[in-house]
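What follows is a set of structures for review.
Here come two complexes built around chain A, the first alongside chain B, the second alongside chain C.
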Partner chain A sequence: MKKSKDWGIKIAPWVLLAPNLIIFAVFIVWPAIMGFTYSFYKWDGLGEKVFIGFNNYVKAFGSAEFWGAFGRTAAYALISVPLIMAAALLLANLLVKDIKLKGFFRASFYWPKMISFIIVGLSFRFLFGDSFGVINYILEVLGFKSVAWLTDSFFAQLVVILATVWSMAGYYMVMFISGLQSIPESYYEASQVDGATSAQRFFLITLPLLKPTTFLVLILSIIDVFKAYPLIKALTGGGPASSTKMIVQYIYEEGFTKSNLGYASALSMILLVVLAIFTGIQFKINRGGEI
Partner chain B sequence: MGNAVKKTFLYCILALLTLTFLFPIIWVMLSAFKKSSELFSWPPSFFPRTPTLDNFIAAFNKGDFGRYFYNSAVVSVSSTILAIIINTMAGFAFAKYKFKFRDAIFIGFLATLMLPLEVIMIPIFQVIKRFSMYNSLLGIIIPPAATPTGVFLARQYFLSIPDELLEAARIDGASERRIFVQLILPNAKPLMSVLFIFSFMWRWNDYMWPLLVIRDMDKYTVQLALANFSGQFSVDWSSLLAMAVISMIPMLVVFLIFQKQFVKGMVVSGMKE
Partner chain C sequence: MKLKTLTIAMVIMACLLSACGSTSSTDSAGSTASGTDDGTASEQSGSGSESAEKKKLDFMWFSDGVEGEVTQSIIDEYEAANPNIEINLIEVPYNDYENQLKIAISGGEPPALARVTYVGLFKDASITFDDYVDAESFKAQFSDSLDPFYIYDGKIKGVPIDTTANGLIYNKTAFEKAGVEVPANPGDIWTIDEWIDAMKRVMESGDVRYGLVIDKTPHRFSTLLYGQGGRILSEDLQTTEINSEAGIRTVDIMKRLHDENICPASVWVGSENPNDMFRTGQVAMHLAGSWMMTNYRDNITDFEWGVTYLPVGVTRSSVPGGKYVIALDNTSVEQEAVDFIEYYISKEVNQKYCSESLFLSPRNDLADMEFSFGSESWQIFANELANSSPDAARDWGYAQTSALIKEPLLNGVAEVIQGKTSSKDMLDSLAEKVNAELAEINS
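Showing the complex of A and B:
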């Protein structure tokens, strides 16, 4: 045996792990530590770093702009997430039945997930254009007044939510379908014998047994929505008047447009804590005892 | 309600929902073939009155779209190949070897799910600069290749390979390297196709990495170009729509070829990049 070229059983796992470990260490762990350190400094990226303790955090929690962006993001999650889940569950329920063209229907529902957020944003911006958009045309044909979709804060927020639900529902539909398929058919047969209505079946059998999937979808979609930026960037750019500016855009602008690197890092840490809480819960339910 | 009535009702609802879901994309596609004068005519026409390829030609000529498309292809393909290789390696190590700190390292890998790019973009930018990857395609090929989801999927896949198979190969005198290259890799095709789809989709559609790493227009990826052009004061909708339509084609191809694996992969992984 050519010992020098071969991996021993002790070394093999480390050789196999090395590329991943190195990339993780350099591009995830190290930046995370750096970010944490930055958050205690005042720094514009070029000059001297000045240690200012917790001042960046104090500034964030006292900033109307921060609370604005954070509050909007929370509200955005609070409204979009239930809609995403309801849409996904509805679609999954329709598609789990024995129907023709199942593949086609399923594909058309999750196709939006396969295209980039930038294109989703652009498409909705084109559809909802104030003066030329087809949605306004349809409204006029139906006898309604046209709406200033993207120049009015309220309507712009509505379009952002619609685009979000449209782009994500199909992904979670697939998870719900697999959840539904794992419910034993015999439960439904038994209820049929007992004369349960389909509404009763849904609320008394489907929903309770679907709880783990539902919870996972809930957590994952909250995380998704909290990270939202590309879709909004292409759709409204955060406007009008910051009405659709979410936390990630706020961090990006503080860090890269205004060069407040320390402050932006503190904001990132706050976002990290929020995401860590939800990811932690996801861990617990998704792989409890499996690792 | 009779069964037939019920069925018809179900199909009607499905048809309506499908229409709602497909309409935005169909509208964008049809509009890309309209002359720019027709694009904003009122009332709008559904089908292009005089279908034209002008917008597509303009996108390639004026906007240098071919360049962005090429950059996106280079980045997506090379980052995906790298991802398949290193994630398969790591997944196999976690699944089939016993070594010190194995479980701790694996949990550490998964824990990085809490650190998406959005959370570390400020320091990542400094790291990218330090490694001279700023404004270079390498900066959007190498760092995103190692994903916790990829490692997780690979580990799950290899857990199902029986230990006896490896033991038998070792008794026959095969080295660990040979076991991996000649025994494991040829049997990992289903895993690799799942990794391929996910990684390709993430890289092709990604906006955040290019946004942070790339500065010069000649290194723009498709998504970066689309986002930046749409942010301009006067939006050139006709070529923008044409670019958007072309940029969806690679995903459509991947989707049609790998539909089955795709659905399976989504269900198994249940988590994100």
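Showing the complex of A and C:
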């Protein structure tokens, strides 16, 4: 009786985890292994696979188009991520307090996260479209000249960043609220006694104690931004002239438009390594590692 | 308590595993359902197994307009006449169509039939019709100009079901208001300068914002290219010739159209839908093709529209296109698929299909087919096709053309329009890239 109880205790967690593990193995691990395998082949998805060793990786690292897409993605992350974090922190600071309709406002700002990225992209296109956009219509009604929001590279990039910040800030706001709520109130009380201003309290108490949450948000938002595709595809299609084409779109086009599945698999592996580095850092922080 | 937890967990796991394992005979987009659930033993659609009673064929399909419905009615008639055959028409959105079909084929579960744009992409996965029909008499049904699109290495790998032609659709109401006449017959055709001048005069009347939208595709771009005497690929399909003087002139025309504000930058530099712009009356002309006829017939109610002749550059040319049906190999219903295709492409049935879907027929004996709608327009499209460069069929019959040039050409033209590079530099750079990829394909 004791033996079967022990056996039950040992097996129970695995049984409970089994559905998730099976789904994870079938839909994540197995395709990743297959992708890694394909990265060493030349294959159009239909014909024979031809083994070419590391040629796909050599091609990627020597490709100006790859570095262009990667560079644009890095620049996009460099600008979007601080804006996402600033917006999320600002919203969190406002909504951590006990104000009227706090729940409504939190839900409202979180709501964009619930919307599909494609819908966000299309919505911003309705707003900023050159010929059919609401904003240009309003500008023309007011007597101003319409702006080439999506046909000028600079403006198109700006709109993409705006759409990204709008769709992601609410999600990270929730993390910051949780972080802010974990800061003991006694610190603020003590600082008030010492005559600290609200700005001093924010920079000298809130920000330092929020460091773990801030770093977590930083890593997660970098990962999210690096994976950006549906929003940008729906909003600008990667244009004008590839100025908003990021790395995932480049991989998709190599794989599914040009039928270079082997090469696209190699590109995916490179992206996987980059994201794995950020994920590894995130795991270390979660386990209480120093930052 | 622990036993109870264990039991609940096992039940949940069993439910999840059984959900993962189920197949459905009513799978929608993208499915080439391998399993059917009609109670007949061991039957599978697409890869139909040996049942004496009924053979099931999956027919993968995409629609531009109403042709899906027309095809379904044809299928219903065929099934009524052939009760041992069941054809399941599976509509898939065009954007993802080729990927879905490739996945089905490489996954070992191809549909029995598929409508495709480029037969060449799937020639290794489709049957050779020569093994099932008399090749010469079969080919003789169709226009010779379509040969490069469905005959590979001398073998019939697909069957043409409709033909399209690129052409110029125009806002009749705006032109009439501006007092500008369009060419009434081939003898009146505009030169490029006359065409641009006509559009400017319509724009000046104030009824439209722009003179022209051109679909943002290499296929539509090539209409102007062939008119300038150029071509995309060399005769032997080994290198590109897009960076010829003709190619440079074509890109210069595109730049001029945008610099003079005749074309909106939002289409070729942005991602605006040119159909929307024409449909809403913002543009005087749309360089598109005959497949737009049903769309505009059903959706344009605010103004009258029509079709006129493409301008002449160095020569006249449209671009032939169309759709084909292939029968996939390794489905065990290849003979049944061929039987259906022979029915589908027969004179009477193809006439029904083309007249109701508003397509030109690929059949020689239907070259003068009458349409219930837009008969003048169809005569113009047919005339354009008859006066097209043979390079057009050869270029677009080569399956890799679109994949090779699409991205660099569309981005390159956008950069020329933005003034970031010259036509010559852009085309030379494009040619270098394409030639490298062609060398890799042919190695």
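The definition used in the following text is that the second predicted complex is superposed on the first by the 254 of 291 C-alpha atoms of A that agree within 3 Å, B and C clash if a C-alpha of one lies under 4 Å from a C-alpha of the other, contacts with A are read in each partner's own complex, and residues count from 1 in each chain.
To be clear about the criterion, a residue touches a chain if its C-beta (ideal position, glycine included) is under 8 Å from a C-beta of that chain, and two chains touch if they have at least 3 such contacts.
Remember, it's a predicted structure, so these values are computed and weren't measured experimentally.
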{"item": "Dominant toucher of chain A (residue count), chain B or chain C", "value": "B"}
{"item": "First (chain B), second (chain C), both or neither touched by A:Pro19", "value": "both"}
{"item": "Contacts of A:Ile9 with chain B and chain C, given as first, second, both or neither", "value": "both"}
{"item": "Which of chain B and chain C A:Leu207 touches, first, second, both or neither", "value": "neither"}
{"item": "First (chain B), second (chain C), both or neither touched by A:Val58", "value": "neither"}
{"item": "First, second, both or neither for A:Ala190, with chain B first and chain C second", "value": "neither"}
{"item": "Touching partner for A:Leu46 - first (chain B), second (chain C), both, neither", "value": "second"}
{"item": "First (chain B), second (chain C), both or neither touched by A:Ile223", "value": "first"}
{"item": "Which of chain B and chain C A:Ala75 touches, first, second, both or neither", "value": "neither"}
{"item": "Partner chain(s) touched by A:Gly237 [first = chain B, second = chain C, both, neither]", "value": "both"}
{"item": "Shared chain A surface residues [contacts with chain B and with chain C]", "value": "5, 8-9, 11-12, 16, 19, 23, 26, 45, 131-132, 237, 256"}
{"item": "Residue ranges of chain C in contact with chain A within the complex", "value": "2-3, 5-6, 9-10, 12-13, 16-17, 20, 98-99, 102-103, 105-106, 121-122, 124-125, 209, 264-266, 269-272, 276-277, 280, 282, 403-404, 406-407, 411, 414-415, 418, 420"}
{"item": "Residue ranges of chain A in contact with chain C within the complex", "value": "5, 8-9, 11-12, 15-16, 18-19, 22-23, 26, 45-47, 129-132, 148, 150-151, 153, 156, 236-237, 239-242, 253, 256-259"}
{"item": "Complex contact set, residues of chain A against chain B", "value": "1, 5-14, 16-17, 19-21, 23-24, 26-32, 34-35, 38, 45, 91, 94, 97, 99, 103-109, 111-112, 114-119, 121-127, 131-132, 134, 137, 166, 170-171, 174-175, 178, 216, 220, 223-224, 227, 229-230, 233-234, 237, 248, 251-252, 255-256, 261, 264-265, 268, 271-272, 275-276, 279-280, 282-283, 286, 291"}
{"item": "Touching residues (chain side chain B, partner chain A) in the complex", "value": "10-11, 13-14, 17-18, 21-22, 24-25, 27-28, 31, 39-40, 42-44, 85-87, 89-90, 92-94, 97, 99, 102-103, 105-107, 109-116, 118-127, 131, 142-143, 145-146, 151, 170, 173, 175-178, 180, 201, 204-208, 223, 226-227, 230-231, 237, 240-241, 244, 247-248, 251-252, 255, 259, 263, 266-267, 270-272"}
